[in-house]
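Below, subunit A partners subunit B and then partners subunit C, in two separate complexes.
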Partner chain A sequence: MDFLVFQYPMITVQACLDGILLGVLFALIAYGMALQWGVMNIINIAQGDLVILGGYIAYFMYLYGIHPAWGVIVAPVIMYFVGIAIYKLVINKVVDRDLFISILATFGISILFMQLMNFAFGADVVLANSGYGTTMLFDSNVVLPNSKIFSAFISILFAVCLVIYMKKSKLGRAIRATAQNTRAAKILGVDTEKVYAATFGINAALCGVAGALISITFTIHPYMGLPYTIRSFMIVIVAGLGNLPGVAMSGMGLGVFEEFADYILGTEFRIGSVFLLLVLILVYRRFKLSRKREYLK
Partner chain B sequence: MRLNKIILSFVSALVILFSTSVASFAKVVGDKIILGAAISLTGKYSSNGVHTQNGYNMAVDRINSMGGVKVGGKTYKFDIIYYDDESNPKRAAQLAERLISQDGVEFMLGPYSSGLTKAIAPVTEKYGVPMVEANGASRSLFTKGYKYLFAVLAPANLYLDVAIETAVELNGGKPVRIAQAFEQDAFSQDVRLGILDAAERTGSKIIIDDKLPKELNDMAATLVKVKQMKPDVLVVSGHTKGALTAIRQIAEMKVDVPMLAMTHCDAAKLSKQHGKNSQYALCASQWHKSLTYKDDFFKDGMTYAADFEKEFGYDPPYQSAESSAALLVFKDAFERANSFDQKKVRDALAATNMQTFYGNIKFAPGGQNVDKPMVLFQVMCDASGSCENKVVAPLKWASAKLIHPIPKWSER
Partner chain C sequence: MNKNNLILYIGILIFGLAAPYIFPAFKVQLSILCILIVLAITWNIQGGEMGYNTFGNILFYGLGMYLCASVQVGMFFPLAEWTESGGEKTFVHTPAQFFQGMAAGLVVAAIVPTIVAGLIGYAILGLRGHYFAICTLGLGVAAGEISGGIEIIGAGQGFTTPPFPNVGSLEARGEFFYFLSFLVLVLTFIAVKAIYTTRFKLILNAIRDNEDKAEAMGIETMKYKIIGWMISAFFCGLAGGIMGGLVGYIDSTDVAFDGREMGVFMVLMAILGGKGTLWGPVIGATVFHIFKEGFWTFFLGWQYVALGVLIVVIVIYFPEGIMGWLREKYPERFGEVVDEADRKAQVEIK
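Entry: the complex of A and B
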């Protein structure tokens, strides 16, 4: 174990910035998950696979000579309809059942997507080059790939647009009403079936955006979806449902935490430390809740 | 009663059908030697699985069309039963069992990857079935005392130690400072052991030793360390993901390091996916088409590459070449054993000492090929941005001079 962070202070700055840029992207995926979870009570195990599918859309645009950054516009449009299709075919049959059934169903979708993508696009690891260059800070001791800055910026843009949409639009209000109380929403004339489909579509569209950004900043591969599912799951657990600022903060916090764990404990403990954090947070929450309960007594 | 009779006759018909089908698959039928192989045709290894299968098929066609295998005065032809192992070790082991105990295969070809070979080897060993494999390089395969496992390729720990030795040589014989990042899988960890050995031999110091996760797609943290600590050599091994991620982030973060050594560059199609950014990367390879080894079937590397491209439409990666070589080894062993007795064939395999277009082949008691050094090539690009892999070590086959140190990003 070596403490590079103290030997080279610039690493601290680098780790914070890297973590924040990464965290914002994860937060976008997590926001989609939180939305769906809150509205439909469905934990989508196929979340990561939808992300990867979005990535392939951008990658194919890149292959055909279109700049992959346009993927952040094209991928969500296509993915919205993919989302609606998945809803009509599978999800609407499990939406009112208990959580376990929906987990099983989305797990099945996840496996199906992995195999289909592998079949259609091949098992090679691919990426899309944006050619965005690099930003150097502090006498070039801190480097930030512009592609990461771009992806963080786009993530924030989409998140902000979505929040405004949720607040102002009719559908947004219907979605929020359904999340708060499905029955009451139904009685008041909200077509919850439509709301569910739209929610699933919006989630898939967000995954599409994130996927396009990931193909620009990292790499994609048909079997690489699960880590994104797990990370977004964790962010949602930490932040709680229906808490957008919480999701953004916990996304960034998790990103920074991961980077520091990497420098201090070593790369091999990066993912492990995130899981440890999750356990600690759950224990803490339980502890806090039990105190509240005692107080109520 | 009548129903019972119908069931009974149905079952016995099935049994008869089954037993005849087993007979028709037995090891040598008529003029055919039937080999068995579990290959990853689907799943995460499917690209390399297909390369492996193409290599096998190419050699089968070539050997059959050039006179086949002569045993006991009779000419035989090769045939292969393939099953898809879905890139899953458990499935691979089941399929090996099935090939041997149901299909009656008595000689096996290896699957793709060290992990799957590890799963199959205990099965072939149990039944005493000789297996020539071409895609499992992990050192642990050759330390278990397997008697029926033969690998035409060099073991994983030899992949990159040439790079360390070259770096020391270029440093005037003085030790170097090494940064390394390896994925946590059997193969990459064996490559790492090789580097540790080389470092000890040369007195070099390892200053960064990162283990990358299986689902790696971000190694920025490692590269920040490299940027700050300025090692002489950076070694990365994490299959195609590792190679692609490393090149992308090294270019984006403008990491200057005098030598960058990697594995899986050609499988990752580095020069195609990254173009000029991959320039100067040093890559370990089992084979390169410009090597001048020769045999009677494929002539040499260049001819093999041309024929392969004509048949399959792409330049052969080394995974295909080594798979083709496995068939040449089998043919040679059958002819020397002059028998289909598994023990005799096994002994003949153990005594193999031959040259193929892919390299010299001679097996150590553990089963690994000890007569074929690894080659290192460097990605070199011309002004127009088109890049090519050129062999730079060992010097005997070098078609270009190693560019060292790698020019700084600010000077490119």
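Entry: the complex of A and C
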């Protein structure tokens, strides 16, 4: 077997850099997932479809002659209201219920979104061309598209802004209080219903940013949502809720893993390897936890 | 079993046997209905009785489908050449070969998924709640993606199952698959009904209600969870094998490991009918199939939109299902003793 990765070390460097730049994007999506999971205790299967919808917003700006990078500003604004609408219509009825209900309900939303996007935008794989060119490193052995660097930079910028917002603003404090203890927050005068809506809106806005960046750097397709959901879920369970450096690190780790899986196994197994990794991580976690439980016994 | 029930069962059996002659145009639909009911009943063993909401039973269904077709082809012809030739009929099964292959294929399709369930059960079933749900969802999708990359079973271009041999009658194909799927349905129903009268069901319910307490009571919960999953896998594999022959074409993500359709359907049917009941999945699957076929025909293209809306509506407004609704309305019929005064008092408290 002639794996290119082992024969040409530069490909390893290329895969690592690609993976890290990709992983930053995953971490941004996972941050939204962690936010809503922590605050509202729901798992949103439609997360990936929100990402793709954000991507289509940027793509449409590109079609109408506006530079798609402006999508980074427009997409979150539109997606915020989409998120609020989803919350008002569906999510607020499943917040206090069984987790499985929320999984199934958001699965329904995911199927709905997939098909609506398929009708509205067609089933083609599309890409918004940013025209940023590429950067060559190491005697042009490693090729990095500038759009990837741009997207990683913007993701970090948004994440930092959000963290500061969460720490300093009134709404941020309310969100953190609700995440810690909903009842106590309610007693102390926090309008949890508003906090939930805002959380879901912020999550959708983050998805919008990530989607706009994905439409510039990679490709988007109406049915590509579920892998993004699974990736963000995986990152959150590896990092744990409310562990921001962990989310960033495991996001990058996942990105690197994917690039290597792509090189070694072939592109057709890329998505399969992501899902298989999820199963393996969960099983590993289960054995680790069961050992802990035996100690307690 | 009292007299009324016996009459009901015999009536259903006679109706089932006569159905392809009463509705000759709907034989394929009736066969699919039987398969759907089998899937809903087996999902209910996990989701309803055991409280483990799985999206992963599609794994056994798809596995059974691929195995049955592969055995049926591989017994008589080289498998790789068959899949390479695609839809062209370079090899033709004689009737004897077809039926022998189908029988052997169904045996393999039932046994291998059962073993797989037993092997992965210890690792997977240790997960709880939503981790289990997401893990099984990943399992189903991973199986679809990986089988889509394996050359010998057709990879991305799909796998044509052996066409039904010419036995002289045009109706034979539909009747054969209908009676086969009806037989599997009857077998599943009898098996599950028998299981539900034993201690096994009580243990599953104990696991659903409080697993830690059940363990503390001295029940080896893991053993029973795995056995429950193996039973599901057995019938899911059979159903998949038949469905492969019925559809005539296997694609990794659109037919076999179709998490977006079949994988959700089985959950939805069981919830629609009422999970945790014997008859719920049967009723749910029937209602769902009739609704779905109506919708699929009249609103072509919008079916997934309808499916998405349907999932959300059922899950939010109708989580107890038809049986749950009936139970609330006519508790006496379900053997619950209702004290009139108590009921009135409850209404007043509300």
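Quick notes on this one:
Heads up, the rule we're going with is that the second predicted complex is superposed on the first by the 256 of 297 C-alpha atoms of A that agree within 3 Å, B and C clash if a C-alpha of one lies under 4 Å from a C-alpha of the other, contacts with A are read in each partner's own complex, and residues count from 1 in each chain.
Convention: a residue touches a chain if its C-beta (ideal position, glycine included) is under 8 Å from a C-beta of that chain, and two chains touch if they have at least 3 such contacts.
Small disclaimer: the values here were computed from a predicted structure and weren't measured.
In the superposed model, A:S290 makes contact with subunit C only, not with subunit B. When the two complexes are overlaid on their common chain A, residue A:D262 makes contact with subunit B while staying clear of subunit C. Look at A:V94: by the touch rule set out above, it reaches subunit C but stays clear of subunit B. In the superposition on chain A, A:I271 makes contact with both subunit B and subunit C.
Within the superposed three-chain model, A:L112 lies in touch with subunit C and out of touch with subunit B [touch as defined at top]. Contact with both subunit B and subunit C is seen for A:L226 once the two complexes are overlaid on the shared chain. Judged by the document's definition of touching, subunit A residues 115, 118-119, 226, 266, 268, 271 lie at the interface with subunit B and also at the interface with subunit C.
Of all residues in subunit B, only 42-47, 87, 181, 184, 210-213, 215, 217-222, 224-225, 227-229, 239-241, 244-245, 248-249, 252-254, 268-269, 273-275 touch subunit A in the complex they form. On the subunit C side of its complex with subunit A, the touching residues are 53, 123-124, 126-127, 129-131, 133-135, 137-139, 141-142, 144-146, 148-149, 155-156, 260, 264, 267, 271, 301-302, 304-305, 307-312, 315-316, 319. Touching subunit C in their complex are the following residues of subunit A: 43, 90, 93-94, 97, 99-101, 103-105, 107-116, 118-119, 226, 230, 233, 237, 266, 268-269, 271-272, 275-276, 278-279, 282-283, 285-287, 290. Contacts from subunit A toward subunit B in the complex involve residues 4, 7-8, 10-11, 14-15, 18, 22, 115, 118-119, 122-127, 129, 133-134, 136, 140, 143, 145, 147, 214, 218-219, 221-224, 226-227, 259, 262-263, 266-268, 270-271.
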